[in-house]
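Have a look at the structure that comes next, please.
Order of writing sets the chain letters: A, B and C. Residues in each chain are counted from 1.
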Amino acid sequence: MPAYATNMRLKFPILALTFEIITIVLFAVFVDYDDGKGHGHGHGQGLPNDTHHEKQPMELYPMFQDVHVMIFIGFGFLMTFLKRYGFSSVGVNLLLAAFGLQWGLLMQGIWHLDDGKIKIDIFKIINADFSTATVLISFGAVLGKTSPVQLLIMTILEITLFSVNEHLVANSLKANDVGASMIIHAFGAYFGLAVARVLYRPGLRNGHENDGSVYHSDMFAMIGTVFLWMFWPSFNSAIADPGYTQLTAVINTYLSLAACVLSAYAISSLVEHKGKLDMVHIQNATLAGGVAVGTCADMNIGPFGAMLIGFIAGIISTLGFKFLSPILASSLGIQDTCGVHNLHGMPGILGGLAGIVAVALGKKDGSAAMQAAALASSLGFALVGGVVTGLIMKLPIWGQPPDQNCFDDSIYWEVPEEEEENEESLAHADHSKNKAEA
Amino acid sequence: MPAYATNMRLKFPILALTFEIITIVLFAVFVDYDDGKGHGHGHGQGLPNDTHHEKQPMELYPMFQDVHVMIFIGFGFLMTFLKRYGFSSVGVNLLLAAFGLQWGLLMQGIWHLDDGKIKIDIFKIINADFSTATVLISFGAVLGKTSPVQLLIMTILEITLFSVNEHLVANSLKANDVGASMIIHAFGAYFGLAVARVLYRPGLRNGHENDGSVYHSDMFAMIGTVFLWMFWPSFNSAIADPGYTQLTAVINTYLSLAACVLSAYAISSLVEHKGKLDMVHIQNATLAGGVAVGTCADMNIGPFGAMLIGFIAGIISTLGFKFLSPILASSLGIQDTCGVHNLHGMPGILGGLAGIVAVALGKKDGSAAMQAAALASSLGFALVGGVVTGLIMKLPIWGQPPDQNCFDDSIYWEVPEEEEENEESLAHADHSKNKAEA
Amino acid sequence: MPAYATNMRLKFPILALTFEIITIVLFAVFVDYDDGKGHGHGHGQGLPNDTHHEKQPMELYPMFQDVHVMIFIGFGFLMTFLKRYGFSSVGVNLLLAAFGLQWGLLMQGIWHLDDGKIKIDIFKIINADFSTATVLISFGAVLGKTSPVQLLIMTILEITLFSVNEHLVANSLKANDVGASMIIHAFGAYFGLAVARVLYRPGLRNGHENDGSVYHSDMFAMIGTVFLWMFWPSFNSAIADPGYTQLTAVINTYLSLAACVLSAYAISSLVEHKGKLDMVHIQNATLAGGVAVGTCADMNIGPFGAMLIGFIAGIISTLGFKFLSPILASSLGIQDTCGVHNLHGMPGILGGLAGIVAVALGKKDGSAAMQAAALASSLGFALVGGVVTGLIMKLPIWGQPPDQNCFDDSIYWEVPEEEEENEESLAHADHSKNKAEA
């Protein structure tokens, strides 16, 4: 692949401006503010325990802001662990999420028109933020190996498919998935893994010198981890029925995550050299409890039930990083940069399975068969959609980086001066170097 | 300028303690808690759609905390992009904001006495935080070239003038500016630019080796950017009328910012070398949509109207960084360290103009002429106030740093040991250096 | 001490898994969701000004999230100032808090059973988070000198004792301590100092090369400082009586912290070389106002009263770092890594004393004698409990690091590759080094 193909000067601005202008036109035609006078498809309406709950337009706003922080700080900084890819991680995360939330508002809203309009309220912008999470999860699988142009294309396709599957799961199957273990986490992970498979790079089979962390990049990543960890109860409860159901979702998530930390740390120490802890596990597997309890979060599974789910998720996730990821890369050609299979994929499936069991046990109204169908639908849409999207992204015109420039900001970003002089040195190469060489 | 003049040992403690003790005395005389029994000047009172809205003392608290994060994390970390000026950026930001909010409570409260007292409630502390934003914007223009003593003096003067202009705009002109495009952003920017002009340093005409970023300092700055970006809907809606008006302000800001990201990224890539993205643009111009939609945020401009404003703001701001800032520095002697003209100045004026148009089109009750007068008043107070303040700050007794020590924490801060040994090396100069030399 | 003793491979996983499994079993037996039907021991019930306050299950959720951020980001990042100990600071903070909140729920809940069950609501998870703060404060005193195994043991013991003392203070003595100056801050500090005394290391008398910061680690620590500073009003008001009492707690804390910043900066400049500011003071002493106003936060002490408390706390804390900590280390054998005596110990006692005076002056119903007894009880439990806990932690089987490996992540963590090659170089040692040597 010739180097000039990665020059984004025309293709990126044209694509970004075109996408945005089309979106603004669609908003002009289809979108309006919620003014409280519509017929509504909002949450909690018509529920027996909610008859006295008058709609307060700003009631969910603090929940929204927590989710917002997870999307932009949480996902963005979690991916900054790579030594030379921080600008792209947090910067492209912002780009994709900012476009994705607009597209998500359209794609999700189209199923719920009110007098021919999508009427935006806090509930809808929470869901718009949610829709971007699928893309950010998939982004983790292909991190460092794709151009911003490719990723914008992935964003528009993935959110479109997500919205179809979500509608199917929620409205046709009437399945429970309040914290989106299936429709966001498993969907986003397997979509991304399918894309990664299609974009397989044999040249990276033996690793890449920039595909790793340095001390400070691991610290930046912990900002992402901790904000995701803290606000996950909001993620899993934001669109739950108001009142005690929402409280249940908060408590289950809070406890699942706490138990997950203990098992992730314990297993990390157990499997690593001399019992040491591994930052990759701590940054990721501690969050698996939030993913896995998602489907059941608003169900009456008992506090200890939530803790059990989190405890198991932490074990599975850590073992996945240690033993499964290397096999996926070497045997199946799935190079999963952030290990999303371990954080979102397997724990997402665990969440879906837990939901089937919980509904079968009567922890919430519903049909175990429909829960199973929802899981199958999410995986099916993800795998098929991911393969098709991957094939489109593989077209040589989108400026995909050559192997040697993977995991390196400098191909798409101006990086501070000292780097330009010495492309092979670390980002924080210092003056001493020049001195030593002089 | 002799080096000893920068020793703050007596002048800084004396000034800081004096300011604080005077402030405490004024609080003892004039300030009390809101106890819900006053006659009130609170928000939303007497509005037709608000007759049933009983005052809940803690209702705005989550909004307040979002604004609080913007002031202390957002502004503080946004300015940490300089390679050797992080302590000052986040540390002096904390100092100025902590003093400024106390002074702002007094200066704003003086216009709204209740039985001879300023009665503090959440609404008032949100406004106190707001008043500090003007100073933090101006701080960005003179970052790296001023002493903490000078900046404390700027704080007290700027907040005093801000409060007069704010009172004029809100109470005399009765102009709309819910998100403060005019009274905070344009005011703070042009005030700071006027100060920067007065403090012009010919010695920095050809740049300064520390007036730039390194990889990690750009990452820290992104923490500021993203927190500002996420919580800007709270900034623009915190003091809006409760209910659907507040919701409108949230939605307009959310969408304006999202559209702004796309145009800022596109234009950054378009104007940079080989289509690469520039961190300066990403850190700043992505926020211009929040500034520019401020005045109109609570108006019925339509979701697509908000997106258009953000889209244009992202373009103007990025082009300003690329083409206008160098001209301002070289031709007008305005050395604007953070480019506040591009983030707050031009987008603030754009916001004021959009407000004039929106009011003229009947998107909200008001007078287009009064909107225009509010913009003119804000710019006038800023420019005249900034020049006078700059002249006071220029007095040689305030410990302004000599040119060669600009943009360097070590003149006002103890920096970790390794730096003291090698003043010219980078902050993170490592042991290898000493080794290599040995 | 032989090096192999620090290998955690078996002892850490076994301990962590055992603790977690026991906890899950206890939750299965004793814990359930609050469903709103219990008899309740919640806040504000039965208060005269609260008769119309119907319980909203999610009302305190935004407050909870602020406290949550303080525990996991605030405490976690505040301790990352050490140059090579960031993984442990933020990572072990997460581990201890995640386990501690589960244990705290049990230990605190045991006093308030409802039909034989601990019924979890937001109020209880706020208190669970609070209980972990004691451990995190003590962790600061022994930071860098203890193993994760030792710290897990400290967690379970300290939270158990905290819960007994808290019950005594709140229910038997009926003392006021809404912001927990006594029962969390003073308790946590003196507990940790007692542990540090028992674990005294003569070998560190002359310092340790890793017991200090580098530029970037100081920047990470400021993330912790600023989040603690911003959300402290939530810490002090979260469990206050709803309404205007809660508002008072917010305002007092907001103002105390603002005044504290000015005095901390002023004294830092006054006592340091050439009037420079010291990051250790800025990172810590600016928070002393939040600690010291804790006990009085919900009392009618007047805004200026709160400011006076903060002003004094900033002075005491800064002077403590400068003059008292070195004496404690050299004369009493108390090696207090983070200086918790200056941030939590002395300001906590100041808060307790201010509470005695305020109650004596009738600022809130209560007995000054009971306030004094509460302070004495907290200090007594802390010192005795800390000594006993320290003796248990001193057992040689827990993998305590030898002196030369103190303050170094690499003994318990896998650190990125370049470090393994050159154990003595800094974490961010770069490729240039290898080059220079080659």
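The working rule: contacts are C-beta pairs under 8 Å (C-beta built on N, C-alpha and C of every residue); 3 or more make two chains touch, one makes a residue touch a chain.
Just so you know, these numbers come straight off a predicted model, no measurement behind them.
J.: Copies chain A and chain C touch; is their interface built from the same residue numbers (over half shared) or different ones?
T.: The interface of chain A with chain C is built from mostly unshared positions.
J.: Between chain A and chain B, two copies of one chain sequence, what rotation angle (nearest 5 degrees) aligns their Cα atoms?
T.: Rotation angle between the two copies comes out at 120 degrees.
J.: Take the average of all CA coordinates in chain A, do the same for chain C, and state the distance between these two points in whole angstrom.
T.: From the centre of chain A to the centre of chain C is 32 Å.
J.: Hunt down the residues of chain B that sit against at least two other chains at once, touch-wise.
T.: Within chain B, residues 62, 216, 223, 428, 430, 432, 436 contact more than one other chain.
J.: Residue numbers of chain C touching chain B in their complex, please.
T.: Contact set of chain C toward chain B: 62-63, 66, 83, 212-216, 218-219, 222-223, 226-227, 229-231, 234, 242-244, 246-248, 250-251, 254-255, 257-259, 261-263, 265-267, 269-270, 272-279, 282, 286, 300, 302-304, 307-308, 311, 424-426, 428-430, 432-433, 436-437.
J.: What part of chain C is in contact with chain A in the complex they form?
T.: Touch residues, chain C against chain A: 7-13, 16-17, 19-20, 23-25, 27-28, 31-36, 57-58, 61-62, 65, 68-69, 72-73, 76-77, 80, 86-87, 90-91, 94-95, 98-99, 101-102, 120-122, 125, 148, 216, 220, 223, 412-419, 427-428, 430-432, 435-436.
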